[in-house]
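Dumping the structure here so I can ask a few things about it.
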């Protein structure tokens, strides 16, 4: 069995979740800070949209944006000398694009349930908005963020359609586990496919239950005493 | 010195009031939901009034006319939240340090300051505890220490004792009284508990449905509430609508009795109030004014006090509350009220 | 009716089917009901079918409606095995058809090798690598080919390159597409510098340029598109009529328009 | 422009969200009721797993379960006379399978934050467990459930890989909007694809913001007064 | 009649207590977090004790030995939650009706019953309001009506007044007192507020860290707490560790004074307590026992009460609290305590 897809997938999932986490959280924060409920609802709608695009189609769009001949892709190539399409980076790009809405929505919910009085308290104490963000809001939302992170991680780990489109399927470079599974399944190599699926499922299972356990422990530590 | 004159549209009613606090502590007494917290939040810069002006000492914090609206960070107004709003993810020491972040001191200076405050607020040994693991009183002290750390020039206290049982409350009030004496800036204390206000505040403002009903020295206000809302909020248990029956005489509709008053009844008087402690048993045959024959009563006792509720025997109506010392053990047949103790009230 | 009988001209059979339909399904036709047949065809056939062939057939055979489902031949094979109720199957390679015939899903006697397709080397329209012949493919840094495991075009590409003794070298820098569309877009967008697809695929877009056809003899057998009847079809008559129609001259003319060559011609 | 994909997608999305909603909510409820934290974490992990499978691969698995010759598929065919694979029902099956984990996780979170005292109150009042469920727990979780429903709806509407596998791509029968978009994009008919994408995005946008607005109105109505 | 004897392992300590409530109302008084709510929940069947027995009248609700554990639905034990736990998605009427769902009555019978309860609990006009839109007192009445609807034979009240300010509290307590008198089953009231317990409960159990410290008639308990925890919880402000110095004499370590006692000091006595009201000013030169010279004090006043805190002038130590009537206005130099008022306490 070829081990490279496992490594690539692990790397991709690990790196992409970092981006997804920060982008999703950042977007959620921006919307959270908006004054008018109407704008919030509108942005909520917009930022959930990528979810509705079939990944393969989303992959096309990415290709039309980041392809070497397209403005953004050309820009990257010219000024940074990075070719995005067909590089390992593209697997990350695809995973981030596809899992973003999940992270965004979870983070929005998590922020919304933080006690606004805590933030107001920070303000009257003279804490800057940034200090309030990272010392009050983030710690208060941490559980929801973790749970969103798990969803996004799992989705990113299993991402296939967009990845194939923008990153290609180059063995040892961009062939992630889902691509390898697909290839085997399509060819009828069910045994090999089964092994890959097992690994995919195992990684995800370990991460998901691991995080679940961590959250549980964390909860026990800081939860308000039940009255 | 704090001076505010603000108005703001709320969901059910409009906030529209003005007040001034100078040294000492101003109490704001009002029923639940009358806009007390809103008022404090407007002063702290957490909600924005629609119109008006707020000044602290010689700084303008807010002026709708001149378009001034300082952010809360710059107002130097400390706010003790109704449930303290301690950061649950920070220890006691870290919570206090949060109040120091504004001043760009270095770590060691900050730490020293925190230690000082911990000693001052008697939080030694709790430095590394999380807020959920300390008692209500300790939480309050931590919240206060945090405000003092932030170098506030004016402190707003929003029902600081509402979260504790009477067991703790008294101790905490004592402690706060000491703090108020030591603090040089001005303080505002919001509460729906008259005892609290009475113990801690030199002046008191009574609020009702977003408006300032009356504002005066606390002592004066409790002795002579003058307004119906003020009487009710300062704990006057017996209140009745009245009709003027003479210069020194009114007819109380709710109890169906005629009462003599100590002061002259002006035309604007609509109600009278009688404190439960001012209802006294009338010895049989003794010649006292405002004598009322009463029906057998409900009786409740607390450790050092007795409460009786009776009705007018001749014309039963609303209940009349009487409180007295534990030492007296007889339920009277007749009660009396000194005319000077009858509070004349306007609506 | 034997298979041999069907090899007469398309027009004839179409007429006859029409009459049979009229006779058999008269009642249902009156009530406005149509017989519906399902054609499962390789993705590369979709445009020829949807834009021309199906409308043409339906016009000639009132009362018969044709639906198409298009995907990679390998996927369609699996789907037929798992119960896809197609009436006609047209694959982009003989492998899938043979497998299905062997398993009894396809009426072996009905299978006709209809079309041939060319395996071509393409680059994007503005590529300046200066490739001239098929073996120049090794000059490209990144190459796009279909996954030989599941995409027929990829299987042919592997055969050609193996015979040219450059398969390993090419594979090392290849991205294996899960279907032809992917391969085409990779080349068109410049993700890959060169790619191997069917001539018909290359013809669907002007963003790629055909460099060369697979050298003669590099394929033991040409890339053949066989079509056949699904054994369990409930509409044998109509399906057979459609199969016959596909062999008609006018159908062949349409296929030619889309870049295919008739197997009989080759 | 062919309108059938719009109708099919609308029907599929509408029906599948009903199934997803009840299955996801039901599963979440079962896990919520479990006594031991360890089991909860384990089931959380298991029920999140489908998310990690590339939809196409999930589609293969579904096909191997619901194919007419496979046990489950054969059972349905024999006892109910329904053929699942390659029928319109299969598009629903695919959408449900793929969007299930999103609904499940949202519902779990929503249940978890309902005040357990309310349920205990119901018990001491003699309410049956079923009454407690539908009169106390469900109304208390309704916001989180709606938000999860939105996520699941959007995901189901955009489902492509598994649908193509188990339902096929039969015009007028199983060709949903995502499949139509894919076909058009693949053929380079960008204009037609664009139109379909627009409709896809529009439906989803209307539903997402509509639900967002409904939630907002609902919140204003029952929210505890801010103290 | 309710009889419980339970033990259960908790996070920080073990719950391990037995008590009996018969008619009237049993009070459970204990500091925050001592396991009061846990105890009630065990009786109601919401948490399961590790060992023990719970009986109501002649029904066994729980018996670990015999493997009996009735579900809460079958216990007929009403529970008034600490914050009422009204269903926020139901109106007042619907909340009350929720208590009727057990009895398989038809709609019209149910509706009639609800109307009756609404009248009985004076909730007329609020039928269609949601719990968040009514006052704390109305919420409490709704929660009680709901319990009465459910036909409970025993009612457990978990700090029913903790969520209201003193403004409402007194009225609510009066109302509850009436309800307790009218209710035939037994009641248990949990609180950390001694006044509440004193007013409402005939018998009181003191709890500390999961254990029953002492249980007696409320009146007796407040007069003679006997246990350190009981003294503290019944509001005794002045408590000191003591050393026995004679049969009627102890030395109070915290105040550094020798005190004469009214009763004989047994060897198990470790502390004494003096209620703040029992500290009286000593007239100069008068010959009284237990005279203490005191330092200038902190002073706080509430409407009808004065509180002073001073220290022993000769040997400063812990503060001594004194409370007195408003009528007295002089801060004394010396104070005295009647030996009979000195409470002897065991740890």
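Letters A, B, C, D and E mark the chains as written, and numbering starts fresh at 1 in each.
We take it that a contact is a pair of C-beta atoms (placed from the backbone, for glycine too) under 8 Å apart; a residue touches a chain by one contact, two chains touch by 3 or more.
Since we're looking at a predicted model, the values are computed, not measured.
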* **Shared chain contacts [chain A and chain E, defined touch]** => B, D
* Asked: If you tally the C-beta contacts for C-D and for A-B, which one comes out higher?
  -> A-B
* Could you please state the distance in Å, as a whole number, between where the Cα atoms of chain D are centred and where those of chain E are centred? => 51
* Structure fact -> CA centroids of chain C and chain E: separation to the nearest Å works out as 86
* List the centre-to-centre spacing of chain A and chain D in whole Å, with centres computed as mean CA coordinates. => 20
* Structure fact -> By the touch definition above, chain B meets two or more other chains at residues 82-83
* At least two other chains touched by the same residue of chain D: list those residues. => 60, 185, 225
* **Residues within chain C bordering two or more other chains** => 75, 78
* Sites on chain A touched by chain D in the complex -> 37, 40-42, 44-46, 48-49, 51-57, 60, 101-102, 105, 109, 113, 116, 144, 147, 150-151, 154-155, 157-161, 178, 181-182, 185, 193, 197, 200-201, 203-205, 208-209, 212-213, 216
* Under the touch definition given earlier, write down the residues of chain C that touch chain D in their complex. => 38, 40, 43, 46-47, 50, 67-71, 75, 78-79, 81-85, 179, 181, 204-205
* To do: Spell out the part of chain D that touches chain E in their complex, as residue ranges.
  => 115, 117-118, 120-128, 131, 135-136, 139-140, 222-225
* Structure fact -> Per the touch rule above, chain E residues touching chain B in the complex are 31-32, 135-136, 159, 162, 165-167, 170, 173-174, 177-178, 191-196, 198-199, 222, 233-235, 277, 298, 300-304, 307, 309
* Which of the residues in chain E end up touching chain D in this complex? -> 41, 44-46, 71-79, 81-83, 85-90, 98-99, 101-102, 130, 132, 146-147, 149-150, 152
